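Across the two complexes that follow, chain A remains constant while its partner is chain B and subsequently chain C.
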Partner chain A sequence: MTTNTYIAGKGWLYRFDPRAKLLLMLLMCVWFFLPVTLLHLALVVALVVLVGAHSTGWHHAWRTVYSISPMLLFMILFMPFNVREGVPLVSIGSFTVITKEGLEQALRLMSRFIGITYVCTLLFATTVMHEVMLTLRWYHLPYKASLVVTLAFTYIPFIADSFSQISESHRLREAEDEQKKKVGQRLKDLVPTLTSALVVALRSIPNLAMSLEMRGFGRQERRSSYHSLDAYHHVCTNFLLACIIPLAFWLASMLF
Partner chain B sequence: MQQRRLLLTSLFSALIIVGAYLRFPLPPVPITLQTLFVLLAGFLGGPAVGMASTAIYLLLGAIGLPVFSSGGGLGILLGPTGGFLFGLLPAAFLAGLAGRYRNKEEHPGRYRLLCIIFGLGATMIIYLAGVPYLKLVGNLSWKVALQAGMLPFIIGDLLKLAIATHLAGTLHTRIDQFLGQVLA
Partner chain C sequence: MQGNRNALKVAMVSVLTAVVVVFTMVVRIPTARGYLNLCDVAICFIAFTFGPWSAFIAAGLGTALADLISGYAQWAPISFVVHGVEGLLVALIVQKKGDATVSVGRKVLAAFICIATVSLGYFALSALFISTVSVAAAEIPGNIAQSAVGFALGLVVSAAVKRAYPPVSSLTW
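Right, the complex of A and B next:
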């Protein structure tokens, strides 16, 4: 799960310093909440998706939008029908179904939602995981929190694999077809699978604890430390760009 | 002791992340096992481990890692379902209060009862944070917000609470042994 978020590529986003990229991501998230017109918001979102897709490919852009599609569907199904005030767009007799304001509100929220989600996923699509960790360390994420995150990353594939293996083995032991089982029976089967997966996960902790202790964790003289992000050049220029890009978008939305 | 708690926090963070992707087809809506592991983190690790695991999970989701069941990024946290995610933090704390019960071995029944009581409280906290947030962000009426964000999930959440209580009753000895080993 954590290994397939990075998409190899050579675009400018890949050469951008991850620390500046994180700042740019946060500033863009703030930008999406600025009081701009719906047209400007939609244009900026489209531009961000276009630039991002140029670097990471259209498949990634589509996958991101597809992953949030249930939420988008929820917005389009519920929101326009809950705003009763404004210019009616669709009416049945005297009953107003959709108003212009309701539709605009839904579209604004959807644009914001797509924009923020896409900008956030771009960070992980264009930065390798250990560099994200080093970036967070650079922003003074505490050592222990960083360690917990790193360890969690090592656990995720292990737990996911263990769970699928255990559930497969439980399924193989049952003669009855999975599809034909009743919900209650399927739920009953979930408990031993979860218990086995948790026991396997818990049994892995002592080994990891021992290896941490061997590396001097918790003592003054640790035998391991974090790398630094010195492979990137033009850090100041990148930070400057990270500030200029959202500012330029805002000025453009004010002028045009 | 501290590094063992740290490892337990990492493990539960990973379990919450994996749980968001494990879907169980239950009518009327399929459930994910994310809240089950949040409750379990509290029941087994106590308030500190429960809250830290959940905070790490939310942090990873906020910076864009697709750890939520609907993806990742600040957009999800600030979107209509963000309240349910923020509600996980106080829920983990409340569930953790059951994990602080000391006589689990002597009175397993009481421990399970505490898990059910605090687990119910934790589930209610998630709804208390999630439904008004959904109403506010989605500009919905109370009726629609309750229909979309609470009613279809009640059965699933009660089942998850029952499973989490059962698992906590089965696994607490192993966790206590693990945490106690360093003290010895």
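Right, the complex of A and C next:
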């Protein structure tokens, strides 16, 4: 199981301060909901994808769009039929199948959806996970919460690996072909696998608690940290840019 | 002593969050809006076994992390709210004092609340923030099926785990 979303690279997005990047991501998500024309929305989405792909590569951009393609297909198939009013584009006799407004709304939703998905993915593709955690702590996420997330990421591969091994060993004991079973039987057969995997996971809780205590968790002294966001320079400039970029897009959409 | 209890709580929530992530990502059936998975099994198991707060945090955080890892980042806040509330409500309904057993009526109510929270929660928040009413409505049957199966399996798995690993009963928070 892959839990790392970071893609190594050298683009300007990698040098952008993660704190400002998070703010930029949130502001861009808000921007996609502003009342701008479809052309402006599509242009900004295209620009975001272009800039992002320049940093993380076209493969990542394609993979992101591909992962949401079923939803996009659903939108383009059904949205135009739901909006009945407006200029008819396709009609069968007196029945209007697709209107200009319906098609426009479908395209607007698709653009907005691609935009939001891509900016969210871009943040995690260009920022390593411990910097995301430091960023959230900078925004006053409590220490315990960030510790829980970090520990969860540490345990995900262990539990996933245990689950796969248990699942394989249960499958080897079964004579019947998995494909030939009915859904109900397959779900019933899943119970021993899930139970075993859960017991393995739960057994690690006391050990983890003990190791946390041994490492001084819960003591009053401030804990030392090896990681920091000091390597990022021009923090103020980055924050300013994070505010200016969405504002510039909005002003451009108003003027042109 | 308080430090010991806090360390145990952090360890418990971390491992349970990881469990929810794994269950969400192991079995995935692609749909128009995302994918169907086993996360409800893990959430209902945690709600039955560990109590409301563990269920709320592990369910919300686990599904949100799974969305982030899988490239469905835009659904992370929605998943956090919907599944967090699902875990909290189910745990509050089936919460018991001592060794008392949970009545069938409460289990049925918990199942109903679980299904209603997931299907209506995703429908409302998805229609409001991400897609449209028609697109969000199309996912209601899938969500109902997923949460119903998840609840039933969670109930069975919870009883099986309590038999296989009795110390789990002392971990309730």
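In this section, the second predicted complex is superposed on the first by the 246 of 256 C-alpha atoms of A that agree within 3 Å, B and C clash if a C-alpha of one lies under 4 Å from a C-alpha of the other, contacts with A are read in each partner's own complex, and residues count from 1 in each chain.
Operating definition for what follows: contacts are C-beta pairs under 8 Å (C-beta built on N, C-alpha and C of every residue); 3 or more make two chains touch, one makes a residue touch a chain.
Just so you know, these numbers come straight off a predicted model, no measurement behind them.
With both complexes brought onto chain A, simultaneous placement of chain B and chain C is prevented by a clash.
Of the two partner chains placed by superposition, chain B and chain C are both touched by A:Ile116.
Judged by the touch definition given at the top, the superposed model places A:Leu198 against both chain B and chain C.
Of the two partner chains, chain B and chain C are each touched by A:Leu190.
Once the two complexes are laid over each other on the shared chain, residue contacts for A:Leu22 go to chain B alone; chain C is not touched. Within chain A, the residues touching chain B in one complex and chain C in the other are 1-2, 5, 64, 67-68, 70-71, 74-75, 78-79, 82, 109, 113, 116-117, 120-121, 123-124, 144, 147-149, 151-156, 158-160, 163, 187, 190-191, 194-195, 198-199, 201-202, 205-206, 208-209, 212-213, 217-218.
Listing the residues of chain C that touch chain A in their complex gives 2-4, 6-8, 10-15, 17-19, 21-23, 25-26, 30-34, 38, 41, 45, 57, 61-62, 65, 68-74, 76, 130-132, 134-135, 138, 149, 153, 156-157, 160-161, 164-165, 168, 171. Chain A makes touch with chain B in their complex at residues 1-2, 5, 22, 25, 29, 64, 67-68, 70-71, 74-75, 78-79, 82-83, 105, 109, 112-124, 132, 136, 144-145, 147-149, 151-156, 158-160, 163, 183, 186-187, 190-191, 194-195, 198-199, 201-202, 205-206, 208-209, 212-213, 217-218.
By the touch criterion stated above, chain B contacts chain A in their complex at residues 2-4, 6-11, 13-15, 17-18, 21-22, 24-27, 33, 40, 52, 56, 59-60, 62-66, 70-76, 78-81, 137-141, 144, 148, 159, 163, 166-167, 170-171, 174-175, 178, 181. The touching residues of chain A, counted against chain C in their complex, run 1-3, 5, 63-64, 67-68, 70-71, 73-75, 78-79, 82, 109, 113, 116-117, 120-121, 123-124, 144, 147-149, 151-156, 158-160, 163, 187, 190-192, 194-199, 201-206, 208-210, 212-213, 217-219.
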